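First chain A sits with chain B, and in the next complex the same chain sits with chain C.
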Partner chain A sequence: MGVKQLGIVGQSVKRRDGIGHVTGQTQYVDDVFYTNMLWLKMVRSPISRGIIHGIDTSKAEAFPGVVAVITAQDVPNNWYTILCLIGVEPNDEPVLAHEEVMYIGEPICAIVAETEAIAAEAAALVKLDIEELPPVLDLEFAISPDAPAIKKWGNNTFMYDGYTHRKLRFGDFETAIQQADHIIEGTYSLSPIEHAPIETHCCVVKPEPDGRLTVHSNTQALYFTMDNTAIILQVPSQRLHMIGGTVGGGFGGKVDVITEPITCIAAMKTGRPVKWRWTREEEMRKSSTRAGVRMQYTDGVMNDGRIIARKVRSLEDSGAYHRHSPYGVQKHMANLPGPYTIPNVWVDAYCVYTNRQPSSAMRGFGVTEATFAVECQMERIARTLGIDSWEIRLINAYRNGQMRPVRKVVEDATLIETIQAAAELIGYDLPAHLKAMNSDDYAGNGGHHG
Partner chain B sequence: MAKHYGRGIAAVNYPTGMNLGGDPTQALIFCQPTGGFSVKLASTDLGQGLKTVIAQIAAEALGVPFDSVIVDTGDTDSAPHCMGTFASRATHRVGNAVIMAANEARKALMDVAADEMEAAPEDLVLENGEIYVKGAPERKTNVFNVALAAHFKYGKTISGRGIYLKQKSGLDPETGACDPDSTEAHATTVAEVEVDDETGEVKVLRLSSAYEVGRQINPEMVKGQIISGAVMGMSHTLTETVFPYYPSLDHHTYGFGEYIIPTALDIPEIESVVLEYPSSNGPYGVKGVGEMTANSPIPAIVNAIYDAIGVWVTDLPVTPEKVLRALDEKALEAN
Partner chain C sequence: MESITVTFKLNGKTTAVAVEPLASLRTVLREHLHLHATKAGCGQGGCGSCTVLVNSEPVLSCLMLAALADGQEVTTLEGIGTPQHMHPLQAAFFDKFAAQCGYCSPGMIVAAKALLDKNPHPTRAEIAEALAGNLCRCTGYVAILDAIEDVVTQMQEA
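For the complex of A and B:
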């Protein structure tokens, strides 16, 4: 392949932390204990959507062993969004709900107690007075005029520069689709899935004698979590000392900054170390998920298999709040056309809000979903036209020097080479004209010149 | 009633780095008195092996033995900013920052070595911790001696600072024009399945993939990503959902009793080949392989199911119930 040989780079040295991981010697956040440490449990919304009229914590506060109860009033900056650090606005999520609830499991108040069992028992004593409202759960309904607006800005989509969706416009779809020999449509959908890390969310905070807080976190992004936590606590970031860096699986599920702010507040309020660790049920039912997504493709294809026009409408289920979805949908938009040279593209990608646990980052989000749809759609085209599955991809595959719909010139393409290598791997003998293709040559990609 | 064999393919790309960029990572490197090099990072190892591949990159760039490099991650008091481990960015971003820091530290080391050996720095060669004069290999010393001299004889620091930032791209709200990625990795997966038309069950027999990931820092760990990603993609396709009747909230899963992920006996044959076409901007040509390995198996399996039974089930997960309903529909249409 002409890759220059290096020294230690390129060698399969044994991973340094492997023995620790498989023998249980690696220290994770839940292995951190402090003398005098308190435990935290969360009181959560039992319903999908409603107005909070009352939160009665008196019985919980009086319960023996309870040291503190934390509600929205204890959160210095209760209304925020984590991606404010990269300029996403407006704020849309309370750290602790106090006016309305937007999903089953939304945090309302935290119980801090001498033991985890006491905290759990006392949490059950908090009386919630919530007026139930009909939830919005279906994506198409959420963006229809009949749906109640669950977001404060008056509709149920993230607003991108004044638009209800991100747009990708390349070439002239409307004209091209009229000229196509075939119009091939497909709908592709995914339901939300869970990250399922071995290590569930856990945070331990120790107030130090000098006034700082030591925060043991299993976040995937220490500085991001530190700065977001500081914004919520309204303290300078320098007051926080984040310790982490070794995480038992993240998959995107540990970048939402959910456990650290509350645990810090509990430690500040009580002056004692506090641990908050999530059960598997909380991890599955309360933490964010991969989004449910529904994508509709309309392709204009010529008899020889060239795709000359592609239109995609995608609805992504962000759940109740932004979390990382406004970012994910932008990435989704850029990837919905797929790694193919298609001269006329039209994409509308919506970030939609519903009354379910928020979705957020998860391994490849935005791309995984697009890739699934694109590759099933390619197969559908091949089968409809009676063209070989390998060939349909090879003739449309993007080549170096061509223009992608986002208007970036392709420069690192090797799609063709991996297709050829996969065929070889399974012993499938591609016809000579397909074997001869490569990513630096437009041959076979007729009419699709950059 | 029969079991039907099917084969499907999927070819995918995957972008390296945070979408639109603007996601910096820094690294600091300092030399200990006896020649150990500590790499200070606030990056996170999620179990993918970042600490190991970063030690390899640092050792390569410094020219010192792998075992003399210590990678310290995860403390904001002692290490500079890292945007985080996500978007298949860590090896690319952290690796670039570490090479920059290593180059500065290496220059400081070689300046001291030059003083110590009374030679010009450009005439010295550093290889795996050994230092000698070009063309005169008998005139030699090593990092241990130079580090000691730097600390206790010359009073010089041997350290380096590194940062990598892909400038943030704008995005045109009318056209979507933007620069979303640093580079693109690629893969093609071939899935072979067996579909039982009586029970609706899909068994994945084999997943064969060709990957192109720029340069591999540690081929065995790339293979580990490919195998684990294939399994994750397979279960995403066939069994995983927290809302089995999405968009309804009914039967919302509680734990691994209802939320089905594969265990050892469910894992199909997985084979792979890796091509290397180094990227222009990754450390030694790296492209990100972290997330993408769970992607191509999904459509490859769905396409294989179509190949096996002639029905499209394009609403994930492809449960036995959905397979049977699709087969029923097909039978109705045929009548």
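For the complex of A and C:
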């Protein structure tokens, strides 16, 4: 059947929201204004780690134009529960800090006022009594015995089924590495990356006469946000009328359910519409980032280019709290061996906590980082052995029917064909034996078979 | 602080508005006059999403005091075209997929209009230079440059 017969597939279709975007008529959350609307500003931790002894809001409360001050005791269920529904536990992040602070910028109390300027001025009047503790900021230090445990369960890693890291074991790495012609090592690091959407986080909530809340959100995940906000507010989800779907750039940075619960509480407490929009500084320095990560590879490689053993130790910086990182590290673990057939694999992937702003989702998080490291390592192997960059990948590329380290049999493999097509597109003439390879032919990688 | 009255020509219409002396033009446009096409991205002159025309020159409205607009001619994206009567730049941004999330689009289009009004036949490098102060995080600059080049070509053919 020709593509044309499928109707919309293969056709260029105009964006439904395009005319609104180019004429400035699309309504983003910050474009929502209500009569009588209040503004919210957050008082945040000025230090990386400490114990809260006191939060004195009296001066802020007395400031003309301040309507409400919200602290932890105003939050019905004071836990960010983001991934509790898929078993990422225990809850570790309060909506508003009250016992301890874990990173610079952690929310402590919210000021709700007649104008944004008044809210900001009053926020500066909140007196924090915080006893500073030495922060844990380095990944290797965080998992060393010398580091103070910053998490209540007694160490600085997410616990995967009782282990400090997610383990992947396939074949017999220890024996295979002894048999390899070459041992090739590489360490690859990425710094954290901020999504930096042009539209900062923003939420507007209007309390309705029937008791519902109209929530204008720029979340990337409206129903997920509704569920989590309902859990935090301890209200049935039908009390939340969520309006969303228009996001001025997200890239994973707007799925943490960070603005909606507090803005809802402010609207419930004051009975008036409330807007909370983040400054550029808050977006860059307080919102979650892609995790920084450090990946160490030890590969056993044969003279003909076949990788027969791969060991990876990876430390991913979750920052102060889970957010989406324990899930990200799970994906990370599965992708660290790469799309190659390696019969003996050993992976230790750590989700490490430090006193940094939390890291969370960002476009393929966990996977993209692993791909970066894997392909740098493939290049290193090619150069060390003096084998062509294309050939090293085609030799090791996984074939249909082969077992991957995560115990998934490869189906519908297209890696070889994709590499061949890429070579053709850039006008690179692959040698005949590489052109002849295909995803159902095992001879090319030494007959490795499941 | 006592309000002051600022009178200026906004999208062709004489407009008077009472503002706080230190209010930015962007705040006055968005929050007093409710013209929301002009976007707020950084509030520090870094992203270009609040670009408007003041006397045909592109200006970052977050850095300009509204008071300084007194007696001037201000044009926002609303004054450039509407959904019913799109400016050729808006039509090209729409046709060429030069607006993804759309948040930078108003600033991009306003900056591009300022360029074309002065130089109807810019090179691609001149277009890129004129948009150097406008950040985009998702559409990608190639599609944006393509859309503007398309308008330049249309104008040459017309």
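Everything below uses one rule, namely that the second predicted complex is superposed on the first by the 444 of 450 C-alpha atoms of A that agree within 3 Å, B and C clash if a C-alpha of one lies under 4 Å from a C-alpha of the other, contacts with A are read in each partner's own complex, and residues count from 1 in each chain.
Keep in mind that, in the parts below, contacts are C-beta pairs under 8 Å (C-beta built on N, C-alpha and C of every residue); 3 or more make two chains touch, one makes a residue touch a chain.
These numbers were taken from a predicted model, which means no experiment stands behind them.
Once the two complexes are laid over each other on the shared chain, residue contacts for A:R280 go to chain B and to chain C alike. Looking at the shared chain after the overlay, A:I19 reaches chain C, while chain B stays out of its contact range.
Of the two partner chains placed by superposition, only chain B is touched by A:T219; chain C is not.
By the touch criterion defined above, A:T200 lies against chain C but remains apart from chain B after alignment on the C-alpha atoms of chain A. In the superposed model, A:Q296 makes contact with neither chain B nor chain C.
Legend: residue contacts after superposition of the two complexes on their common chain; A:G248 is shown touching both chain B and chain C.
In the overlay built on the shared chain, the residue A:Q27 is in contact with chain C alone; chain B does not reach it.
Residues 14-15, 17, 21, 196, 247-251, 280 of chain A contact both chain B in one complex and chain C in the other.
On chain C, the positions that touch chain A within their shared complex are 30-31, 34, 36-44, 46-47, 49, 76-78, 81-83, 86, 90-91, 93-95, 97-99, 101-106, 109, 135-138.
The part of chain A that touches chain B in the complex is made up of residues 1, 3, 6-17, 21, 48, 86, 104, 137-139, 160-163, 166-170, 186-194, 196, 219-224, 226, 240-252, 255, 280-281, 284-285, 289, 292, 317, 327, 330-331, 333-335, 338-339, 347, 354, 356, 361, 363-364, 366-368, 371-376, 378-380, 383, 389-390, 393, 397, 405-408, 410-415, 417-422, 424-426.
The residues of chain A lying in touch with chain C in their complex are 14-15, 17-28, 30-31, 33, 195-200, 247-251, 277, 279-280. Only residues 8-15, 19-20, 22, 41-47, 49, 51-52, 55-57, 59-60, 66, 71, 73-77, 81-86, 128, 171, 173-181, 183-184, 186-190, 208-212, 214-221, 232, 236, 240-244, 246-249, 252-256, 259, 261, 271-273, 275-280, 284-285, 287, 290-292, 294-296, 298-300, 302-303, 306, 312, 314-317 of chain B touch chain A when the two sit together in their complex.
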